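Below: one structure, written as structure tokens.
Just so it is clear, A, B and C label the chains in written order, and each chain counts residues from 1 on its own.
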Amino acid sequence: MKQDTLRAREQRTGWLLVIPALLLLLLVYAYPILRAFGLSLFSQNLGTQLQPEFAGLANYSRMIADGRFWQSIGNTAIFTFSALILELVLGMGIALVLNQTFRGKGLVRTIAILPWALPTAIMALAWTWIFNDQYGILNDILLRLGWIETGINWLGNPTLAMVATIVADVWKTTSFVSILLLAGLQSIPQDLYEAHAIEGATPWQSFRQITLPLIMPQITIAALFRFAQSFGIFDLIQVMTEGGPAGATEMVSLYIYATVRRYLDFGYGAALVVVTFLILIVVVALAAYLIAKLRRSTGVET
Amino acid sequence: MFDSQIGKWRLHFRRFRWYGVAVCCALVILGLNSIAVSQQPITIKVLMSALEATQWQPLVEKFEAQNPDIDLEIIEGPNATNLVEDLYTSSFLLGNSPYDLVYMDIVWTPKFAAAGWLMELSDRISEAQSQDFLAGDLNGGRYQGELYRIPFRSDAGMLYYRQDLLSAAERKPPETTEELIEISQELQAENKIDWGYVWQGKQYEGLAAMFVEILKGFGGFWIDPNTQEVGLDRPEAIAAVSFLRETIESGISPSGVTTYQEEETRRFFQNGKALFLRNWPYVWALANAEDSPVKGKIGLKPMVYAPGHESAACQGGWGLGISKTTQHPDEAWRVIEFITSAATQKKFILETGYVPSRRSLFTDQEIVAKYGHYPQLLEVQESSVLRPPIAQYAQASDILQRYLSAALTDRMTPEKAMAGAATETRNLLGR
Amino acid sequence: MMTQRKFSVASLLLGLAIVLVVLFSLGPIIWQFLTSIKTNDAIAAIPNVYFPNPNQLTLNHYTELFARRPFFNYMLNSFLVSILSTILCLGLGSPAAYALARLRIPGERILLALILLITLFPYILLFLGLLEIVKALGLGNNFLALIVPYTAINLPLTILVMRSFFQQLPRDLEDSARIEGYGTLKMLVEILLPLTLPALVTTGILTFIFAWNEFIFALTFITVENMKTIPVAAAQLGGSSVFEIPYGTIAAATVLGTLPLVLLVLFFQKKIVQGLTSGAVKG
């Protein structure tokens, strides 16, 4: 009896502590998403004097024929997957380096996480400057090396602009990946490697057979985080190219932003939000399933 | 920090207006109205690019000298037009626009009007008063029959040509697209000039502006604002696109035009590398500057057109509207009257070289003495055509730009591109 | 002999790798810094001037930044918004984290899964709905329009990090406190709070960094020049001049806008790493 009342009191206090945070999360996360689902069934744009008019699934059928939407999805996919793969490979490399013992390790580690901490919008300016066609340091280096004859207009060419934004994103976020992977590396007991080396395994073999499987959970989590963030990338692109040239770097997020802010097409913007949200959820669900499977198969407790 | 606090308080001031009203009433009741608050000058705010804000400074001083009861405050925005538009849009969208006047590009008018952010001005200006304004520019300020914007400085697209080379070849400036191609090919074949015709082919708003001229010149239309009908997939529109492609394919225009904006084409022409150029009025002064290789060798005329049709110039320009949320519409209107008056425009134009929105000024003695080509410019302005004055213009323009660019860079056939553009535009307009 | 050489090759490779990592991470920042202290002529020189001579040095770009724009305001705005949302976030997040760590609430697992899920949401998905809220509440050009979303955006990470911290605390402590008659709240404030200070600092720094760097809400909800935050103000310097892009001034803005964060990372590197890994991996 007394146990029960204590328990009930504990629960009441628990809810009391959780509810303020929960309410705020509902306001800032749940409301906008639910609202987008609702609004996506309405036309609310300049054609309707910004008044909502029920339109059924018209916004969605319009999306099917909207070449710009598909182009932005394609761009986002190219950007996300290129950046993701590069970040994982580079991040793994950096994590392996940081996992060695050497003098000045603390300082190097500090330097290596710096890019992650700096404002994306501001560092996008720095990258715009590096890729500048006239005075950019990248062209200067390539010219000095004799690899090119004249300066390349990086941000003015559709393909190169995509490459440039991917490079900037990789620079900015690889450090995040390497921090996570480093934590995974450090949790691997050293004697595993020693035992393996005695059996005559090469470093590459032990990397394949010990390191990779054991830090698979960290890799998956890093990939998941990075996927979600790249998929919604906004500030970097907005500052570097504004989605240009000719829409070659326009991501879904920029299209959503333009649809709402510039076109004032709230209904269609909401439909775009809903579709983007659903794509994200599907991928996250897949990844979560993968993680669960991995955890079971490797038996690693994280 | 304190500045921003004050700014915040100012913005919140409107919330306290009832409090203000109550205080005023109390003062009146107490018979203290002789020392009441209204002796302070009323502030009228308007946002514009930093560049133009400096050019406006003499006008502001003159206005304030004549109207001591009004304090005209110009807020400097970014120089990029789309950023100024974004700033206006955001401040209206957030519901507490700090601006009393809206200084707008002609293509913003329908959007701002449809969003309900502008005050109707039809009652404030009489038929007679509006007579002097260029018809195209004034109409660009209308949305669904109502007037929302009074034009201040105008703009229109036109054809520049090399007078010296044409005279030497004993040719008259071209009237039709066919003549333009023929003359170009002739002079290029004789090695008189590297290229025939340069125009703006990059995917951006300038492409749409250029295209409405060609489209109209081929007898086609983009969107009928009254019926919302879309004409982009009609034979006339496809013929217009085919003409632009032909200029590249036949070697009259460099293939680089598909990446050019106004400035690239102007430098191209100014360096003597092209016979014809499509551009805006600002080119004249620069191409005739002391250091220009083509100084004194150029002429201008209305745009070319397909045989059997007529010339068209894309109407551009800037004008003033009144924000619907302003507390001082009458004072704002007095600013508009002053700024758009013939006297003010004349002063502004003599100083800056912009194009007036009033017909009479094109033939004004002093102005003609300084800018000899203005009478021809009037001819161009009178043949102006509007980009569709529909609320969703920005979206429609982006659709057209994307498909047009695809057709011009040979990623799609004109037929396929225009069919796609038409379908998306119809979807947008809900037809 | 053999092993010696092998060792030196390995350490050479390692040294090379370390140099590459450092160059890769610092390169863009150093280049931006060098640009910010060069005269305009040196900036526009071809081939590029890498390290300016004494006569090519200038602080003009910095003075211009403060003369032309209310740059001091931008910094203060960013500080104000970041600090306030950090405090709010810790104030709301830590109690919730404690409840999720210690007090058995029904549906705890689902709550945690949801909280983990929303750390993945790109802000663009929230922007349309938040715009409506801001509009409805008349919060445009009010710092609350930034502080509230920033707080919410950082809550999930705060909750996850703090929760894993609370779980590591010995339970005995709370039990003996209870025996002495402390209520949950009193115990939280008087006993646990001092103990959790390091964890609070960790999550606080992460929150601060996120808030300082946020772009899309700051771009949308603030239109008054004096109230802009650093990232937005810096990004808009670029569009401020048609004829000449002020590269030097932009570089100076980059340096000043990133400086506070560089300092934070220098001093709190360990805490940041710890926070990120426990937030992301342990959740």
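Keep this in mind: contacts are C-beta pairs under 8 Å (C-beta built on N, C-alpha and C of every residue); 3 or more make two chains touch, one makes a residue touch a chain.
Small disclaimer: the values here were computed from a predicted structure and weren't measured.
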Two chains sharing the most contacts, counting C-beta pairs only: A-C
Per Cα centroids, the chain farthest from chain A: B
Intercentroid distance (Cα basis), chain B paired with chain A, Å: 40
Centre-of-Cα separation between chain C and chain B, whole angstrom: 42
Averaged-CA centre spacing for the pair chain C and chain A, given as whole angstrom: 16
Touching two or more other chains - residues of chain C: 131, 220
Multi-chain contact sites of chain A, meaning residues that touch two or more partners: 261
Sites on chain B at which at least two other chains make contact: 90, 93
Touching residues on chain C, where the partner in the complex is chain B: 70, 73, 76-77, 80, 131, 134-135, 138, 140-142, 220-221, 223-227, 236, 239-242
Residue ranges of chain A in contact with chain C within the complex: 7, 10-11, 13-15, 17-18, 20-22, 24-25, 27-29, 31-33, 35-36, 39, 93-94, 97-98, 100, 102, 106, 108-115, 117-130, 132, 134-135, 137, 140, 143-144, 171, 175-176, 179-180, 182-184, 217-218, 221-222, 224-225, 228-229, 231-235, 238-239, 252-253, 256-257, 260-261, 266, 269-270, 273, 276-277, 280, 284, 302
Chain A residues touching chain B - in the complex, by the definition given at the top: 43, 45-47, 49-50, 58, 62, 65-68, 156, 244-247, 261-265
For the chain C and chain A complex, residues of the former touching the latter: 14-15, 17-18, 21-22, 24-26, 28-29, 31-32, 35, 43-44, 46-48, 92-93, 95-96, 98-100, 103-106, 111, 115, 117-133, 148-149, 151-153, 155-156, 159, 184-185, 209, 212-213, 215-216, 219-220, 230-232, 234-235, 238, 247, 250-251, 253-254, 257-258, 261-262, 264-266, 269, 272-273, 276-277, 280-282
Chain A-facing residues of chain B, complex: 85-86, 89-90, 93, 110-111, 114-116, 202-203, 259, 391-392, 394-395, 398-399, 402-403, 405, 420, 423-424, 427-430
